[in-house]
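Structure incoming, see below.
Here the chain labels run A, B, C and D in written order, and each chain numbers its own residues starting at 1.
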Amino acid sequence: MAPPFFAIVSGVGSGTGASIARRFAQSYAVVLLSRKPSSYESIVSDIKAAGGTAIGITADAADPAAVDAAFAQIEKELPGSKLAAAVYNGGAGMARKPFLELKLSDLDLSLDTAANGLFYFAQKSLPLLLAAVDSSPHPPSLLVTGATASLRGSAFFSTFAAGKFAQRAITQSLAREFGPKGVHVALAVIDGGIDTPWGKDRVVNNGVEDGKINPDAIADSYWHLHTQHRSSFTQELDIRPFVEKF
Amino acid sequence: MAPPFFAIVSGVGSGTGASIARRFAQSYAVVLLSRKPSSYESIVSDIKAAGGTAIGITADAADPAAVDAAFAQIEKELPGSKLAAAVYNGGAGMARKPFLELKLSDLDLSLDTAANGLFYFAQKSLPLLLAAVDSSPHPPSLLVTGATASLRGSAFFSTFAAGKFAQRAITQSLAREFGPKGVHVALAVIDGGIDTPWGKDRVVNNGVEDGKINPDAIADSYWHLHTQHRSSFTQELDIRPFVEKF
Amino acid sequence: MAPPFFAIVSGVGSGTGASIARRFAQSYAVVLLSRKPSSYESIVSDIKAAGGTAIGITADAADPAAVDAAFAQIEKELPGSKLAAAVYNGGAGMARKPFLELKLSDLDLSLDTAANGLFYFAQKSLPLLLAAVDSSPHPPSLLVTGATASLRGSAFFSTFAAGKFAQRAITQSLAREFGPKGVHVALAVIDGGIDTPWGKDRVVNNGVEDGKINPDAIADSYWHLHTQHRSSFTQELDIRPFVEKF
Amino acid sequence: MAPPFFAIVSGVGSGTGASIARRFAQSYAVVLLSRKPSSYESIVSDIKAAGGTAIGITADAADPAAVDAAFAQIEKELPGSKLAAAVYNGGAGMARKPFLELKLSDLDLSLDTAANGLFYFAQKSLPLLLAAVDSSPHPPSLLVTGATASLRGSAFFSTFAAGKFAQRAITQSLAREFGPKGVHVALAVIDGGIDTPWGKDRVVNNGVEDGKINPDAIADSYWHLHTQHRSSFTQELDIRPFVEKF
C-alpha cells in the first residue's frame, strides 16, 4: 500500500535537493527527479535503508514531456497517495560572462530551467496539492529555491538573473493565487555558496568554518516552511552564511 | 543556581510576545519586559507552573533608564546565566490619521518605540549575546518584530511606517555588523492581523477561520530563526495569513 | 548625408513608442521598429513633415533574424550615423488568467518579447552605443519600458510578470556592466494605464481627467533620462498617474 | 509685488541645495533655509545678481519653532505668493561607527534631521502646496533628498540609515495621500559622493572625471520631477555616477 502522503523534489544532485529529500523522507514518501540516475541513486538507497520510501525518476525539468511521464509514473507507483509538498530546486545556466559574449542560447537555458521548468512543474503539482488541502498534515506546499540573482541583476550575470527573477515572479503570483486556496507557495533565496562536493573549490568563504551553507540547514528551513500554520505563511526568506557580505 | 541560558522578550502583552516567551521557555529561562505587570504576570505564572523559569520586569522599552535597571536586575536574578536570545517585540504608535491631523508627538511615539527602543535594547543585549557565542546551543539571536509598515509607507500611516522603516534599517545594519561575529539578527515582517484578545474586533479577516495570525505560529518561526545553523541565517522573512491580500 | 546621430525605438504602436519617437526626433534621426507597417507609417510621415528624419522598419523584436535584418538596413540607410539612444518598448503577452488555464506558450510569448527580445536588441545596440560614447551629445542610452509587473507578481499575472521581472534583471546587469563604459541603461516602470486609443476602454481611471498616463509625458521622462549627465545616472524610475493606487 | 510663485529649499549648503535653489530660481522666487547665513548668502547674492528673487532664512530644520518663524517670515516677505515647490534636503548625522560605540544621541540627531525635520517641513508646506494646485504652472511638488542609506542599512551606518529609512517611509505615505489631491511627492535616492567643496577629499571616485555627482545635474532631475505632468508622476528615482558600484 502506498504511503498516504508524498513529496516531490525536482532537481536533486549532491547538495540542496538531496538534503531536502532526506529531510522530507522522515515524514513522507519522496520522489526524486533528476536529469541523471547517478544524481539520485545513492539518496534513494539511503532513504530506503533508513526505512523510508523513495522513488528516483530520470527527467529533465525543462522538458514537459519528461515531466508528464514522471507524474504518470508517480501516479502508478504511489496509487492513492497525496502530494503534501513539491519542491522546485532546478538550477542551471549560471553563466558568468560579459554580456556581449553571451548567446541567446545562454538566456534560453536559464529561462528554460528557472522559469519554464517551474511553470510546468507547478502546473502538474498544483492540482495535486489542492487535492491534499483537506487531508494533509501540514498545508500542502510548493517550495522554490532562489538565489542571490533572484533579487539582483549583477554585472555579467544577465542571463542567470533573468531566469531567477522570472522564477520569483511566478512564485509571487502563485502565492497570491493559491494561498487563499490553502496551498503554501514560498521562495527561499539562497545567498551564498553551498557546501557541496561540486562547490568545494568554486565558492567563496572556503577558508572559514561554516562559511558555506550547510545543505541540511537549508532543508531544515524548507521543512519549517512546510510545517507553518496556514495563518502564518512565509512567502520569502533569505538564507546566507553568517560571514557572507550582503 | 541560575539556568545556564536565558532569553529576554521585550514587549510582552496578550499576543506575540507572550507566545514567544512561552516557546523559548521550553529551552531557556525567560525574562519578560513589559510596561505593565498585568501584561506578564499570568504568563510568568504559566511558565513556572510548567516547570520553567520566568522573570517579569516592568519597564518601558522607550525609557533607557528603565531598560538599564531591567538589565541590572536580570544580572542579579540570573547570575552567571548567558543570553541566548533577545527578542524585541516593541510596538506602539500605530496612528492611522490624515497627515495634517498628526502631531510631532505621534511621530516621536512611533520612533521612540520602534527605533530608539530597539537601539537601546540592542546596545544592552549585543554585548551579552556576543559573550554567549562560544557556548550557546544555537547562535545567539536578536530577533525583531516588524510589520507591513516596515516595507511600505501607506497613506495615513506616515508616523507608524517611519518607526518601522527605521527599525528595519537598524536590524539590517546589525545583521551585517554582528553576523560575522556569530550573532544572528533577523526581522520578522508580520503582515496581517494577529489573533489576540486585543485584535478581536479590530483586524481584518475576522470571518475566516485562521484568517488572523496565530501568535503561537509566529513563535514557532522565531524559534526556527533562533535555531538556524550559522551557515544558514535568515535575515528577513514575512508572515501572513493564507487569505491575506498582499 | 545621414544625420550624425540617430535613435532606435523598438515597439512602436499608438502609444508610448510613438511619443518617444516623436520626442527623440526633435534631436536625432529616428528608426521605428514595429511588427506592422501600419504601426509606424503615420508617425514616420509626421516626423518627416516636421522636417525630421525617420525610417520605419517592419520587424518582430522577438525574431533575431528580423532584428539582424533591421540593423543591416539601418547601417545602409544611415551610413556613418551613430547610435545615441536605443529604446526597447516591447510588450506582449499580458494574459490575465488563472494559472491552471495558462499554457507554456503564454509564458513563452511573454519571455520572448520582454526578455529574449530585449537581450537581442541590446546585443545589437550596445556595440553601436559604445562606439558613440566619445562623440554623442548625451551619454548613449539604452532605455527600457517596464510595468507594474516588473516589480510585483500579482495573482493571475504569472506569465506577464515572469517576462517583466526577467527584463528588469537584464536591465540591472547591463547598467552595472555598461555604466562604467559610459552607456546609460535605465528602466522606466510604467505603473498605470496609458492614454492611447488601444487603452481607451481597457484601463482604469477612465473617468478622471489625467487619470491615464499621457504618453508624451512618458517621452519627456525618457528624454530626461537620456540627457542626464554621466555623473548622475538614474537606473530606475516609476511613472504613474497622480490618482493611481500603489 | 511678490512674484506669483515661489520655491523653498530647506538645507542649503555648498552642494545639492545650492544647485537646486539656483535651478528653481530660473522660474520662481526662491527661499533658502539653512542653519548658518554663510551657507546661503552667496547663493542669494548670485540669484539676485542674475535678476531673480531670493530670500535667505536662518533656521534649523530640526527645530519646529525656527521652522514656524521661517514660514511666518516667508508669508510676510512674499505676500500673496504661492508655493510651487518645497525641497527637503536636510541631512546630518552620517556617523560611520561600530554600533556599540554609538550613542542614543547619534540616533536622535539622524532621526531629528531626516524624519522629524521632514515631518514638520511637510506639515508647514503641504497646506501651501495644496492651495497652489489649481494655479501652479506645474503640479506643486514636495521633493526629498535621500541617500544610499534610504534603501540599505549597511554595517556601521545604523543611525544614519534609521533616519533615511524613516524619511523614505514618510515620503511614500505622503505621495499616496497627497498625490490624488494633485501634489507631487518624490524621493531622489542619491547613491554616490557629490562633487562639492565639502566632499573634495571625502568621497570615493575622486580620481575619475565625473566620478562624483555634479550637483547641478541633481538639480536638473529635481526640476524634471517638478515639471512632470500629473498623469505621470515619478515617486522615486536613484541618481549615481556612471562608475559607481551598486
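One rule holds in what follows: a contact is a pair of C-beta atoms (placed from the backbone, for glycine too) under 8 Å apart; a residue touches a chain by one contact, two chains touch by 3 or more.
Keep in mind the model is a prediction, meaning the values are calculated, not measured.
Listed by label, the chains touching chain B and chain D alike form an empty list. Annotation: the chain C:chain D pair of sequence copies touches via predominantly the same residues, more than half of the used numbers being shared. We define each chain's centre as the mean of its Cα atoms; on that basis chain B and chain C are separated by 46 Å. Centre-to-centre spacing of chain A and chain B amounts to 31 Å, using the average Cα coordinate of each chain. Contacts with at least two other chains are made by residues 176 of chain B.
Contact topology of the protein chains: cyclic, one closed ring where each chain has exactly two touching partners. Checking each pair of chains for touch leaves A-B, A-C, B-D, C-D. Per the touch definition, chain C reaches chain D in the complex via residues 139, 176, 179-180, 182, 184, 195, 210-214, 216-218, 220-221, 224, 227-246. Taken in their complex, chain A has these residues touching chain C: 64, 98-100, 102, 104, 107-108, 111, 115-116, 119-120, 122-123, 126-127, 149, 152-159, 161-174, 176-178.
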